[in-house]
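Scrolling down, you'll hit the structures one after another.
Next come two complexes, and both contain chain A; in the first it sits with chain B, in the second with chain C.
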Partner chain A sequence: MKQTGLGIILYGILVVPPVKAYLESIMLLHMLVQLPLLILAGWFIGDRLIKKFHPFFTAWNTDGVPGMIFVVFITMYWMLPRALDEAVTMYYIELFKFISLPLVGLFLKDSWKKMQTLGKGFIFLNYLSMFALMAWLYIDSPIQICNNYLETQQKFLGWGFLVITIWMILYLLQAVFTDHSEKAE
Partner chain B sequence: MSRNWRNTAAIFLTVLLGCVLFYAGTDGFRAFTAESARTYKLLKDKPKFPNVTLEDSKGRVYSFSEFEGKYIMLTFIYTACSDVCPKLEMNLAEVYNKIPNAWIGEDILFLSISFDPARDDVATLEKYRKAFDSDGETWRMARIADQDELDHLLEEFGVIVIPDGEGGFTHNSAFYLVDRKGYLAEVMDFTKIDEAANTVLTTLKNGTGE
Partner chain C sequence: MVTAINTGDFKSKNSLIATYLIIGGLVIAVMMIFGILMLLAQGGVLDLPPAAFYQFLTIHGTGMIGGAALAASAVMWYFLSNYVELSKKVFKLNLILSLIGVVMVIIGVFSFKYASAWTFLYPLPALSGGAWGVTGALLYLVGMLILGVGFLLLYIDTGRAIIKKHGSLGKGLGWDVISGKRAEKDAPSPTVVASTMVTIVNVTALTAGATVLIMNIINVVNPAFTFDPLLAKNLTYAFGHIFANSIIYMGVIAVYEILPRYTNRPWKSNRPFLIAWTMSTAFTLVIYTHHMLMDSVMPKWMLIMGQVLSYANGLPVLVITAYGALMIVYKSGIKWDMASGLIFMSMFGWVVGVVPAIVDATIVVNHVMHNTKWVPGHFHMYMGLGAVVMIFGFIYYLSKVDSGLQTNGLDKIGFISYTLGIISVSVGFLISGAISTPRRWATHFPEWMAPAVFGAIGGVLAVLGLIIFIIHFIRYVKVRGISGSDINEQKLA
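Showing the complex of A and B:
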């Protein structure tokens, strides 16, 4: 399938040492480009795997909740300032990053379509508040949170999170106002 | 949508795995930043201060082992630093003033170590010493001229120094207390002066009774 190929190529590019080194040299790129792209690669590759192992996913991830819990835990872990630091300094954390995040993409793909509206809303709002918190943490922190990244980079990342948060709020607003007319209420 | 047992089991399993991941990843919910992890690990490992050669603001050259038998209160600095180092040193001065005179020099020495030996020569250190009103004896400012020795020490004590590209460095800061035998005894938050002074006093009280 075309998507699978795309995912493998994307993953391959991210693993190339110069690309990896460059993305990790800047905190903003590390957290908001490399990590999401790894998830995206998993999402692309996941398409084929989910179809191939369809019985497994139907049995163990029937309503999408187990997969989603996995996604939430892993992404929350990668928001710890420490995880980011250690990925740069410890090879096994780095390895864990390149394995866990594509899996996030895979499970996200499988779970999202199975989840009900309420669950989806909960997850969306959860991430909205989490990103807002990260924005506040990184912009406002008077100290350097990560040992491997400078304070100015930390602020950049904070603004990056703020942009995402605002974008999510705008999306939410437009969703609320456009969906409203269709709903029975 | 009906739930089967596998789905329920998978929910429990993922929650469990998630908790294990967070527990392991934060040293049991104790360390959420690499800095707190570093401190936690240091206090667990209690590394020995490597026997480096120091050159202080008076131009004296001696090895660290000369301090054996005394507690050493340490900071890592560089004199061209304009933000955190002056704060660190000002706080160290306050801790110094809180320690009774009877102990100073006899049981404990204060030492500020520069990790920028290229610029922090004897004259520069002397200027820095005057700026903080240290006597150069019981509170010394010193550099480690040998880069390999310096790197080894920074590594052992988990000090991460990154050049910021504008001639400065970004680095993590703390007070370190090394015991009479040269092993790391405490790592203290340099912003909490009273707490640090109390820790040092308690250690000295217990340590002088021996």
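Showing the complex of A and C:
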């Protein structure tokens, strides 16, 4: 399986100390590059694992909702400013990061295809408003929130979130205003 | 036109609808009593501590908007489900989440003295000067969030269903008919068009609302996190204005569906109708800026846009609907009863209520009238005599077709009492506004008191009328399934 290999390689690159150190030295790269890439690695590796442990996933994640709840909680945790801060200073939080986020990718993969339009729409809008809020929080905050990152870094991150939010809005608009007539759902 | 629905389904659909309407109706009635108490306090008749006044103001605003939105969404769901396949599970979930949210709001307001008004304008929730604590604010804000989640799920579902049936939200608004790609006779029905509009504006409103609610929650929990108040105000009013306005756009579906059944004439979506709805969709999304006319730091172009579009906001839909209603009724030999009478009255209330709104949306006038009781004057007219009357009309309609329950002289008295009552409440507010009484003031100068007392008397009439409506509806719920037909809507004309 090509994807699995890709995922393992990606994960391997991310744990290489210089890469890790570089990504974590800049807040924007830490939150919006390293974390998503870890999720992506889990997503790639996910296929093989989901097949291997098929009974487990069908029994516990039948409609995708339990998996999604896991995804939401873990990603919400990693959006907290202090989570990033602690990951840089405490080794066990760092360890948690490198384990929890690939798991997020794994469950995301399993859940997303199982969930119905309603649930997906709700999750999407949830992240839309959360990212908008993160943009607002980081751009507007008059104080330095993290010990390890300066205020300018925070603002930078905020603009990153804003760009993501805008992309999500544009995506949503095209999704609901382009024609889906032919596609039988 | 009506999709096949099997009997059992139909029955439980109507009982769910009835539950929505009874809860909505009761909430509105109880909130009216708080409204009367506020007016009596302002009129110097009742000795109410100012803190209690603001708790009442908060619960009245929140409860009215929430209760009316809940009932109006039932009207929309009832008719829309004839055209597209909606999920009953989601509809039920919305009711449950709404009830949880309402209970939290009530506890927050009454047990923990939370009183920021329903607009919860940042940073008020966190900065109460000791009037309420963190618990009250959190109960209120989280309660609102849960309410919002319920409604958001509901509108995702309507959006999903409309897209599935019609292809896209654009097509739900009939854009391909407007552009000439599709014939007028194949246009989506008025119900679908209105529901699409409501879906678009309310998903936007609720997403903005969720953002600003969570922001407030963060600020309440940890006041060290501060946010830009101007952006907060923009988002808050984008949410509040749009969501409150959507009530009338859901309610108007009752007009589109009920009048044709009474007159045996179809209400078709023609091109002007579709254009009007698309225009109102766009305007509704942007004209919340009329709440910012006093914020001189706002970009001027936005304020001017807010003003110009406020004139035009509801107008396209209002004109096309009022005209349509007159045309469909004109020389139709319509049989007037409670349902058709209320529906027709609601159009009157909507039209009359919009006039003072338009006056107020002018920047020059707004500088004088802003934050006077002129403002509640106009929205009590189009909410109290427009939006919620559409809902009551629907209640009478449903009880008629679903049980054959007869109305009597008491219902007519209710109709008159309610109408006179709301007109008096609104006129009282407008007079107060004209003599420059500020809105949201717990205590009035003696020269401001008379119109408040007048309004309170009107309020009592309105409540009496509403109680008669509710009694009728409860009677219907009791007899349904025993008399009349559950399956077929009786012919009305």
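A few remarks follow.
Following the convention adopted for this analysis, the second predicted complex is superposed on the first by the 178 of 185 C-alpha atoms of A that agree within 3 Å, B and C clash if a C-alpha of one lies under 4 Å from a C-alpha of the other, contacts with A are read in each partner's own complex, and residues count from 1 in each chain.
Basically, a residue touches a chain if its C-beta (ideal position, glycine included) is under 8 Å from a C-beta of that chain, and two chains touch if they have at least 3 such contacts.
Computed from a prediction, not measured in an experiment: that's the story for all the values here.
Clash-free side-by-side placement of chain B and chain C is the outcome of superposition onto chain A. Residue contacts after overlaying the shared chain place A:Val176 against chain C, while chain B stays out of touching range.
Rounded to the nearest 10, the angle made at the CA centre of chain A by the CA centres of chain B and chain C in the overlaid structures is 90 degrees.
Using the contact criterion defined above for the overlaid structures, shared-chain residue A:Val65 touches chain B, although it does not reach chain C. Legend: residue contacts after superposition of the two complexes on their common chain; A:Leu125 is shown touching chain C, with no touch to chain B.
By the touch criterion stated above, A:Asp85 is placed in contact with chain B alone, chain C being left untouched. In the superposition on chain A, A:Ser141 makes contact with chain C only, not with chain B.
Residue by residue along chain A, chain B and chain C are tallied for touches, and B comes out ahead. Looking at the shared chain after the overlay, A:Thr117 reaches chain C, while chain B stays out of its contact range. In the overlay built on the shared chain, the residue A:Leu133 is in contact with chain C alone; chain B does not reach it. No C-alpha atom of chain B lies closer than 8 Å to one of chain C in the superposed arrangement. Under the contact criterion defined above, no residue of chain A touches both chain B in one complex and chain C in the other. Residues 87, 90, 152-153, 156-157, 159-160, 163-164, 166-171, 203, 207-208, 210-211, 214-215, 218, 224-228, 231 of chain C are the ones touching chain A in the complex. Of all the residues in chain A, the ones that touch chain C in their complex are 117-118, 121-122, 125-126, 128-130, 132-133, 136-137, 140-143, 176-181, 185.
Within the complex formed with chain B, the residues of chain A that make contact are 59-63, 65-67, 69-70, 72-74, 76-77, 80-83, 85-86, 89, 114, 144-148, 150-151. Of all the residues in chain B, the ones that touch chain A in their complex are 1-4, 6-7, 9-11, 13-15, 17-18, 21-22, 25-26, 31-38, 160, 162, 164, 170, 172.
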